[in-house]
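Down below are the structures I want you to see.
In what follows, chain A forms one complex with chain B and a second complex with chain C.
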Partner chain A sequence: MGNLQRALRKEMWYLLFIVPGVCLFIMAVVIPLIMGARYSFTNWDGVSNKFAFVGWDNYVKAYQDPGFWAALGNTAKYALILTLLVNVFSLLLALVLDAFLPLRNVFRTIFFLPSVISIVLSGFIWSYNYSTGIPQLLSHFGLDVTSPLGNPDYALFGLILVALWQGIGSPMIIYIAGLQGIPQELSESAKIDGAGVWKSFRHITFPLLAPSVTINLLLVLTGSLKVFDLVFVTTNGGPGFATEVVSTYIYRTSFSSFQGGYGMALSMMFFLILVIVTVVQMSISRRREVEM
Partner chain B sequence: MKKWMSISLGVMLLSTLLSACGGGNNTPSAGGNAEGAPSSGGNTKSEEPVTIKFMHFKSDFTDQIAKIVEQFESENPNIKVEIQPVKYDDYYTLLKTKLAGGDVIDVFTLNAGFNTQLFADGGYLTDLTGQPFLNNFDESVVKGQATDGKNYVMPLNANPIAVFYNKKIFKDLGLEVPRTYDALIAAAEKIKADGKTPFALGWKDGWTMTMWNTRDLPSNSALVEGQPDFFEKIEKGQAKFADNPAVKTTIEHAAKLFELGNKDQLGVDYNGAVDLFAKGNVGMMYMGTWPLPDIEKKNPDLYNNDLGYFPYPFSNDESLNKLDFNADASLAIGSKTEHKEAALKFLEFMSSKEGGDAWVENIKSLSYVKGTSTDIAPAIKDLQPYFDNGQTYDSQLYLAKTTIDWRAPFDQNLQNLFFKKVTPEQIISNMDDWLSKNHK
Partner chain C sequence: MKKTRIAVFVLILVLALIFLFPLYIAVLMSVKTAKQTFDSFYALPSSLDFSNYLHAWQTSKFPVAISNSLIITGLSVVLIVLVSALAGYSIARRNKPFYNIIFLLFLSGMMIPFQVTMLPLYKLGKTLHMLNTHWGIILIYGGFGIQMGVLFYTAFIKQISREIEEAATIDGCSTPGIFFRVILPLLKPVTATVVVLNALYIWNDFLLPLLYLQDNQYRTIPLQQYFFFGQYSSDLNLAFAYAVMGMIPVIVFFLLMQKFIIKGIAAGAVKG
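Moving on, here comes the complex of A and B:
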């Protein structure tokens, strides 16, 4: 009993320090989530003071809404391709920039810089690049290109390229940190044993980097599933629904089509999907970590 | 002893934190009650300096609006106006969240029609019916902007939406100003054959295309096909897109415009389109008056000598193709305002000849206030005969009662059409599918 009290007294300070964080989290996340869940059972239009409860109607409607499923498909496509590309490229960059290289700090800074500017800004920059900058540059070489964002077939890839350019910085830093945590002796002894560059990467560096891979996959995947700002400022879901992702679809439903209640229901479903994806992905990656 | 100190400290911290959380909600409403009383107390109190909040969507004209407001403030030293410009694309979202969240905005711009209807239904607007300043406008305008017979907004300015054209290109090719749709396309084809761009589109921005199709479609529906209540009916699910032949006409028009547009139609935005047009290699551009200052800056020669403006011929019947003259911004007073009198004074100023002239001079758009000048640009003179002969109409009145957002799916479907991903028939059936789920 006395022990418990002492332990409690010791922990008291820790508890005290997390109180502001918890308070903020409850106010900014938990309470709106609960309120939102309530609205998702209503036919609220987003503006008026009057609304009625409609039970599960919104969820049934969402299930039958091809627009929502198309948006979900686009989101999945965007998130999967982006996660893969970001991780491959940032790992490659990290490997290069972790090796002894003159001016490596300069290069690290250069590759990290795009992450510093806001997504909205980079959206504007790239809209300009795509529609004016690059075509004008290439016209000097006799090439005639148009903005990928103006064509439904390429718009999503145009966005992925922007997100890749901007998103590569922080995973790269995490990978560099992970690489620096790997003891040098291991690769040295592997070299003595006759392992080449690829073999020592495959059997030493990569397995020991697994925690960084897990965290990077998770961060990039969840981040890209929730993408809104980049799409909103560059294409706003167009052309022809080609870049309509779930968050812009929810936004459009709630605020342009005045279906606040239905938009909330979509948000709830999306929230659930995100939770499931995250949990599944975490458990898979964690398991691989242990195995290796 | 120490233990109790830490616990009590913790409790204290927690309570300050929680009270801080709650405080945010309490103060404004308390302030609202305290200040709400004197404003109803009559003239004596209005001598005290008050500050009213004015939110508007003319963010392109932030400085110019500030100038007009300054003029108002110098005449009413007791009223301070806090201006908040918001980009149009985000304006209604922000306004909605602010009002629904209980923020007080005293005066704000609104578009007459379905937007006003929506906010009036939500109970966010002060009824202005019978206010003396409404007499400064034509009765038809005041009536046209009424919602269910009541005036919640005061008309402010209006914009002709028409087609700018490069007179030099037209002269060189021996083209006349087209008065029918077929003539318009024939002229465009000729310009294209000459190696120039017929239309500057800028359809990367959603609104540029929406602006065109939300005028072409209602004009054709109401005036050509005789279905003026089509949009009222789709709101309630009483009509289908398939029943309105004008939908097909507009889809065909859209495909034609796209074909005759600048390169990379959906990749170039509004600014890009104005740039293209100002460079002088583009024949025509469908737009309101707002690019005028830009064109003047970029190519004064074109602006002063070769810039023309003609009504968009949406049909092949010349007598129907009048000038589309739309209400732009209107002013509303929030129902929760604590300074109703000051807000009314502000509206009074804006509806005076002086306010109207200040608007015309600074914003370069036309005012609804009776007797204000129309001299904003050389190109506008081309429209004078239409004003003089009363050959104007307002295509947006046909959309006034429709709150469902058919525009977004229609736009996206049209964009798919441009890339041959859907056929016109599929668009119509897609729209009817959408309608069956979204009508009220």
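Moving on, here comes the complex of A and C:
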């Protein structure tokens, strides 16, 4: 009897331990998600307490909304280019900084430094550098440039550059950690066998680094698809529609044009797209990892 | 071979200088007056002038913003650590379907982007009177942070041998006693990871404070800066002084905690 009681009490403690976590999770994630799914079928304005159910109307509207597709296009362009650039740069830096190089710890700190400041700050600093700092510097070389953020053709690339500056830190650390997990003997024996730097990278280092590549591609891609702060504080979607991304478009629809129900339908579609991207990317990378 | 090494070193050095350039401009701007900037953009000022800082300190509510940031970041992190360690302990030790399902729910929650739930969260915050309070935003950060936290703690606790706990049980220690006296002290490495990752994220977060802390009294540093930059866009030297002021705490934190941050990111990648 005493044993059973003790076991029950123990079980009760375990249950009690998990309650706070479950409560917080339900409040911050589950309830908002259910509320959002429900609102996406209404004509809610986002403010008042009145709304009516309109069926799939919002989703049909989203499908026909050129603004949403344009924002989606901008987001895809931004995310793909940024993912590629961040990974190439951080891998190159990791390779160099993992090898012998004087002051490599100082360099690591410098390349990581931009990632710890807030995006509000980096957006502000870069807006100014684009408009004044860099043109001033280049004018010494006789070049005349204006801020890319004011030009619809270059604004998105201007933002990509800022995000690259801020986004290299973590992937670089992950690549360095991955490189340190590769046994030294492998590349040494390859060297003895006559493999050059490129060959030993292509056939030994890179395949063994595949898990780090997978995780970095996934983290940077999903992170950049969700971009909000940087666009919001620098260009706010402009000039024109040049840098409007899905997140800022949803924000504008929900909070500025008072179309809460419609904004939620856009959010749900965006969520679905993110899940598909994640699943597809994971399965492709995992298969590649096995093959190599 | 030696030549390539020197070439690589020079290349990295140049790249590092390019990386530091925007920050250099920010600091440079903050110690000059508008006239000095106009006369010679890149020159260092003849004498260091901190009046911009003094002025920024007086016109902004910097002390209020920094205490808001400290309170919100600090308490959120404590909440995340405690709640996820407790939940992680239960999940790791009761390897039963019920607990595993909860674990999977936490995991899949990490897929949901914030933008998807922001409008309902705002509505929820308004209904429950959580807007413009410290506790409201702390609870939401708690709900976000524990998803990753539980993942880390569960994996870590699973590797701790049960023998210590069994010995403690025989000695008459209750389950909470075991958790707080035996398990919690063993969790230091993983706690360091959870703390630094969440602290950096919460300290720099912009979107949730934008929704939840509109009131001047409750704004965190990034939000306060956002409004300050909008307000003083004509007095750039002043705005940059404020920018640098806001940058200092997080850079100091980074330099002190660098070892843990780097470890945390590497560990996070493996877990993910």
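Keep this in mind: the second predicted complex is superposed on the first by the 267 of 292 C-alpha atoms of A that agree within 3 Å, B and C clash if a C-alpha of one lies under 4 Å from a C-alpha of the other, contacts with A are read in each partner's own complex, and residues count from 1 in each chain.
Following the convention adopted for this analysis, contacts are C-beta pairs under 8 Å (C-beta built on N, C-alpha and C of every residue); 3 or more make two chains touch, one makes a residue touch a chain.
Being a predicted model, the structure only gives us computed values, none of them experimental.
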item	value
Touching partner for A:Trp13 - first (chain B), second (chain C), both, neither	both
First (chain B), second (chain C), both or neither touched by A:Met27	both
Touching partner for A:Phe258 - first (chain B), second (chain C), both, neither	first
Which of chain B and chain C A:Ser131 touches, first, second, both or neither	first
Partner chain in contact with A:Ile119 - chain B first, chain C second, else both or neither	second
Partner chain in contact with A:Tyr39 - chain B first, chain C second, else both or neither	second
Greater chain A contact set [chain C / chain B]	C
Which superposed partner A:Ser48 touches (first chain B, second chain C, both, neither)	first
Partner chain in contact with A:Gly237 - chain B first, chain C second, else both or neither	first
Chain B versus chain C as contact partner of A:Asp153, first or second or both or neither	first
Chain A residues contacted in one complex by chain B, in the other by chain C	9, 13, 15, 20, 27, 46, 132, 255
Parts of chain A lying in touch with chain C, wherever the complex brings them together	9-11, 13-15, 17-18, 20-22, 24-25, 27-33, 35-36, 39, 46, 93, 96-97, 101-102, 107, 109-114, 116-122, 124-126, 128-129, 132-133, 136-137, 165, 170, 173-174, 176-178, 212, 215-216, 218-219, 222, 226, 228-229, 232-233, 246-247, 250-251, 254-255, 260, 263-264, 267-268, 270-271, 274-275, 278
Touching residues (chain side chain B, partner chain A) in the complex	3, 6-7, 9-10, 13-14, 17-18, 21, 92-93, 96, 99-100, 118-119, 121-123, 204, 206, 263-269, 272, 403-405, 408, 411-413, 415-419, 421, 437-438
Footprint of chain A on chain C - complex, ascending	5, 8-9, 12, 15-16, 19-23, 25-26, 29, 41-42, 79, 82-84, 86-87, 89-91, 93-94, 99, 102, 105-106, 109, 111-121, 123-124, 139-140, 142-144, 146-147, 150, 174-176, 179, 200, 203-204, 206-207, 221-223, 225-226, 229, 236, 239-240, 243, 246-247, 250-251, 253-255, 258, 261-262, 265-266, 269, 272
Complex interface listing, chain A residues touching chain B	9, 12-13, 15-16, 19-20, 23, 27, 46-49, 61, 65, 127, 130-132, 135, 146-153, 236-241, 244, 252, 255-259
